[in-house]
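Here the structure comes first, spelled out in structure tokens, and everything after it is commentary.
Going by the order they are written in, the chains are A, B, C and D; count residues from 1 in each one.
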Amino acid sequence: MVPMENYLVLSGIIFSLGVYGVLARRNAVLVLMSVELMLNAVSLNFVAFAAYLDPDKATGIVFAVFVIAVAAAEVGLALAIVIRLFRNRSTANVDEAATMRW
Amino acid sequence: MAEHAWILAAVPGIAFIVMAAFGRNLPRQGDWLAVLCAASIFALFFAVLANFLNLGESAWPVLNSIEWTAIGDFHLRMGIAVDPITIVMLAVITTVALMVNIFSVGYMKGEPRYWWYFAVLQLFVASMLMLVLADNLLLLYVAWELVGLSSFLLIGHYWERRSAVEAAKKAFITTRVGDVGLLIGIILFWDATGTFNILEITEYVEQGAIGDTRLFVTMMFILLGAMGKSAQLPFHVWLPDAMEGPTPVSALIHAATMVVAGVYLVARMLPVFELAGDALTVVLVVGLLTALFSGVVAFAQTDIKKVLAYSTVSQLGFMFVALGAGYVSAGMFHLFTHAFFKALLFLGAGAVIIGTHHHQEMGQLGGLWRKMPVTAATFLIGSLALAGLFPLAGFWSKDEILHAVEGVGSWAFFLLAIAAIMTAFYTTRLFVRTFLGKPQDEEVASHSREPGLVMTLPLVFLAFMSIVAGFFIFHGFGNALGFPGGFGEFLHGGKPFHVDWGLVGLSTALFVIGTFGGAWFYWNGRVDRSTVLAEWQPKVYEMIQRKFYFDDLYQFFIDRVVLGFSYLVSWFDRFAVNDTGVDGTASMTHYTGFLLKHLQTGRVPNYAMAIAVGVIALALVSLAVGG
Amino acid sequence: MDEAQGYVLLTALALPLVAAGVLLFVPGTQKMAARYFSAVIGAILLGLSVYVFLAYQASGEPLQMQLQWAWIENVGFLGENGISLHLGVDGISALLTLLTGVVAFAGTLIAWKLEYRAKDFFILFWILISGVYGTFFALDLFFFFFFYELAVVPLYMLIGIWGSTRKEYGAMKLTLMLVGGSVGIWIGIFAVVHEAGLGTFDLPTLWEAGQNGLISAGTQKLIFPFFVVGCGVLAGLWPLHTWSPDGHMSAPTSVSMVHAGVLMKLGAFGIIRLGIQLLPEGAEFWMPALLVLGTIGALYGAIAALTQRDFKLISGYSSVSHMGYVLIGLATLHVVGVSGAALQMFSHGVMTALVFLLIGSLYDQAHTRDLSDFGGIAKVMPLWVIAYVVAGLANVGLPGLSGFTAEFHIFVGTFKTYPVFGGLAILAAAIAAAYMLRMFGVVFFGPLNPRWRELKDLSPLETVSAVLLILSMLAMGLWWSPFTDRLANTVTNLPGVTG
Amino acid sequence: MTTEVLWWIFAVAIVAVSAGVVFARTVIHSAIFLILSLAGVGAMYLFLTIEFIALVQFLIYGGAVTVLILLALMLTRMASSGEPEPTTGVQAPFGALVALGLMATLIGVAVSTAWPGDLGQNAVAVSIETIGEAMFQDFGAPFMITGALLLVAFIGAIVIARQEDDE
């Protein structure tokens, strides 16, 4: 059996990679993809804990389902925004979408 | 009646309220009410006097007081005390007030704010009576300030004239500086004795309740108040300027009554002064300097009222000298006689002003005795009384003062004799230049005529008083009128007065020197011979004419130092306290905001970075704290 | 009887709030209705205030007309009587209640000629007045602070909307400084309640705690500055006074009247209630410092007023000077001095209200407040000038008017405790004469500047207000005992105040 | 034993493709790596013997979301642009630092904590019925709200991305 730590370490690595993607990449779609990575890492955590703690109740699993559902909504909306941004400013570069500053 | 002497003050007080409220709508604007009021207090005074004399010396001072206010141990009683000094003051005030009220009916005819003038006159009389009746220093201070207010209002009566406004302001503020001292002195007394009552304070001090130094300091503060009100050096500057007021006011307030309040105060507190180390010497020196100084300045004045004003300052100096020598009766006696002849002179000057249609420069007058015989005659009596002709009122009182100073030292006597000569000198100059010789301005002279009875009658009465007032000093004269004796005996039970013929001779000699000197200088002179001095010693003459630069010095001090300091404080308040302190705090906040706003880059990755760093930091903190 | 009278206090407190509520439903176009209604409310409040003052028994207990309604108790850290609507008056607040009634009524009449959004003005005005009454009546720390804030906050809008010269700046500065002070008070209140550990905001209970050592001396010394600085801002404590000249310059007439007349007194009153009564040991420790600041304020305001060119700035600085006297009086911790401070609050209140009334009346016609623009206006505005001269003389401390009564007590108290400062305070009074007379000379007298030939004298409403205020000044100036008697018992019972 | 070996193979692969997502030079490569990464996580769910969630993962992520992303890429024409500009922003080094720090923290916490017992000891129990009951009974309300959220997001996406008349 694979020990619990392994799952946690794995999800930690994926999550950190996602964080790097969000912080470093300039393309808005890529930032979104990095967010998906992070969400996946979290889902993995939920499910792992569900299996570890109370598989009877399946609470963690339900959470994972919600995460996926919310992620779907988020991707939909965010991509719409990206498309809108691109259409207005001909770029999908997050560094250039800096109008809302001082 | 004597214990209800407060009625004397209440009557004009009520008259003031009535006249201030309705005076304008009364027939003749209420001047009859003023005269009636003055007459009734004149009559009431005699009722008080009769009662007072009937009660006999054992009952003096007659006291009457009520509890006024109390907080904890702090009790305050207000009341009146009638003693011989008070009686003398009452006599002066009621008499002169009546004369001035009558005279004003003529003098102020057709002037603006006629009703208001009379109303304030009543306010003045009420406060002045309250001042002399007060049994405690606090009430005295209250009245002291109120007479100052009335004086302010009356000096500034013609407020359309800028100079009148300035004079009123100067009078109020100058005396106010002295009043600060007075109030401090009063409170220091309370601090040491727990009472404001003058008799009790005297008693405490006699028992040694206040240490020597402290008593001296306290008395100096009190003296400051007295000097301010009585226009002693260096507070004298306001009195000549106060001549901007209507002339009857100058007679009442700035010659006979208010300005002697300082003398009254010192006389009233004399037992305390005597115990306060060198305080009396200070009084004496102040009086001497004032008497000499203003005698000199009076000599170079050309406005008849200004001459009289400096003469008043000088005579007040005489009174201070007498008190400084420790002679209450001499000081009070001079106060008493001076009130009559100086009021007479001022009213005479008023008659001249009215008679010549508002001319009061000596250079434009002269030869008026033909046109205005009554005025000239009464003025002559007043002048001679002031100069000290035997046996007019001024002679006896000045004699008393010279007698008093004999004990102090020959230097004081000598200086005072010089001052007496100067008095005679400038008085002669005034009379000669105004009434004798040929008219110097035919235009003025041709229009001059004697004013009506309403103005000449008071002159005659006061001239009569100027002749007889001096006789009060004699035992027999006082006795005949029901007093326990002469003036000195009445005031403090001293020995009967005996004429010192040597001194009389000396006084007469002083009078003769001064008068003949003045006459020689100015007799029939078309030209003011003081210009001789001006040609001979222009610098000295200018110094005298500019009143030894006192006014300039004060003006400089006020403009450069006081106002400069005020500008500095205003500047400090605006720039240091407000713009730096308060607005500075605001702009610091603003600037911090300006700096911090740059954190708001608008770039999503930056925000994300901040979130990530925050999350890690929080996680580390919670790990470190929670284990 | 006592509690029945307590309902009088409650009425005085609630009536303005009710009035504000009713006015909400009056259409904004019905200006006359709002005015008449407000005038009636003002008159009733004046009557109630006079009643409270007269019914206060000079010989009775210091605290009278008490009324206590429990509100929150036995919850959390709050115990019995945790927070309650506890009302009552002592001699000082009875006097200040009278002041509020007089000034509020006068202010209502002056606001009559306001055209712009008259109804809204009255709504805010009555909220403010309610706060003032509440602060004077409250015997509960929570409600004390609540009403204190209720009185301060409407000022921002009243000045910001209806003000003149640099109104945004004045309103902003005033509000920020006062609210900043309130923060200090609020911190202090919690510190005191916590330290006493009685689980109550009830003031009499806490006063006792402050005296019998439940609040340690160290804590008292620590908290006292919070209260004094917090309240001091409103009382014009130097150097936190600068909102006063600017605020007064901006504020509309009736707000200036109420503000300088009554609100500034809230600060000094707070120093008594929270400082002297609650923290006697802290007060004893810090009072010399307050004395120094008060003296500086008194002299500084007077000197700065000497060369001001704007009417309102003169009055603003003069207020700083006079509130300096109040602080001096309080700092003496001497029966006579503290009584003098209370008297001075009343005296300065009516006097300064009158001054602002008159300045407003002139400014409405002349649209300038620069002294040098005027001259000789006594010719065209005799009543106005007489009223101003009376107010000015009260300011100068002329006997017979209230200013002397108050200042005399302060001087006596100061001389008994700190003679040198007493001398300085008297000096400031002399300077007051100089700046007042300077203004009289320049503005009222001299030849009439023809530009002002058309100026109109006081209107009947203004005359009524002015007469009311002048009568108050005369009453205190001429007949001291009704005022001092009511103060005597309260002041002698203040902790730490010596006889 | 075989499971563990397989698990390790998958784990390494997931990490590799995830790294590919964030480091790939072209966005289209990133998208392809993302699909692989998502599939790998789905496989992880299988290791945990929770087939339902694995199925959901494949369907929604592997299908719907990826398609959406590819669509967006095509619409923004970034896929073929050749990326002449740098693909990472100026704060990339700091981002790396922060990510490494985060990784260290997470791994540190996971490793240093003791996890007694065993994983998947009740592997048999998690049936679809259990999940269904949990979802529709215990979490009924959140479930419905999630539905509403999806609807709102759906409408919102349409409104935002809609071509306006004047454009």
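Rule of thumb we're sticking to: contacts are C-beta pairs under 8 Å (C-beta built on N, C-alpha and C of every residue); 3 or more make two chains touch, one makes a residue touch a chain.
For clarity, every value in this text was computed on a predicted model and none was experimentally measured.
Q: If you take the mean of the Cα atoms for each chain, which one ends up farthest from chain C?
A: Between chain C and every other chain, the largest centroid distance is to D.
Q: Any idea how many Å lie between the Cα centroids of chain A and chain B?
A: 96
Q: Cα centroid separation between chain A and chain D, in whole Å?
A: Those two chain centres are 6 Å apart.
Q: Roughly how many whole angstrom separate the Cα centroids of chain C and chain D?
A: Going by mean C-alpha positions, chain C sits 68 Å from chain D.
Q: If you average the CA atoms of chain B and of chain C, how many Å lie between those two points?
A: It comes to 37 Å between the two C-alpha centres.
Q: For chain B, write out the residues touching at least two other chains, lowest number first.
A: 605, 609, 612 - these are the residues of chain B that touch more than one other chain.
Q: Provide the list of chain A residues touching at least two other chains, using ranges where the numbers run on.
A: Touching at least two other chains: 19, 22-24, 26, 94-95.
Q: Scan chain D for residues touching two or more other chains and write them down.
A: 89, 91, 94-95, 98-99, 102, in rising order.
Q: Throw together a list of every chain pair that touches.
A: The set of touching chain pairs is A-B, A-D, B-C, B-D.
Q: Which residues of chain B touch chain D in their complex?
A: That would be residues 605-606, 609, 612-613, 615-616, 619-620, 623 of chain B.
Q: So in the complex, the part of chain B that touches chain C is made up of which residues?
A: My answer: residues 68-74, 76, 138, 141-143, 145-146, 149, 156, 159-162, 164-166, 168-169, 172-173, 176-177, 179-180, 183-184, 187-188, 190-191, 562-563, 565-567, 569-570, 573, 577-578, 581-583, 586.
Q: For the complex, give me every residue of chain A touching chain B.
A: 19, 22-24, 26, 31, 94-95, 97-102
Q: Which of the residues in chain D come into contact with chain B in the complex?
A: Within the complex, chain D touches chain B at residues 89, 91, 94-95, 98-99, 101-102, 105, 109.
Q: Applying the document's contact rule, which stretches of chain D touch chain A when the two form their complex?
A: 3-4, 7, 11, 14-15, 18-19, 21-22, 27, 30-31, 34, 37-38, 41, 44-45, 47-50, 52-53, 56-57, 60-61, 64-65, 68-69, 71-73, 75-76, 78, 85-92, 94-96, 98-100, 102-103, 106-107, 110-111, 113, 115, 117-120, 122-123, 125-126, 130-131, 133-135, 138-139, 142-143, 146, 149-150, 152-154, 156-158, 160-161, 167
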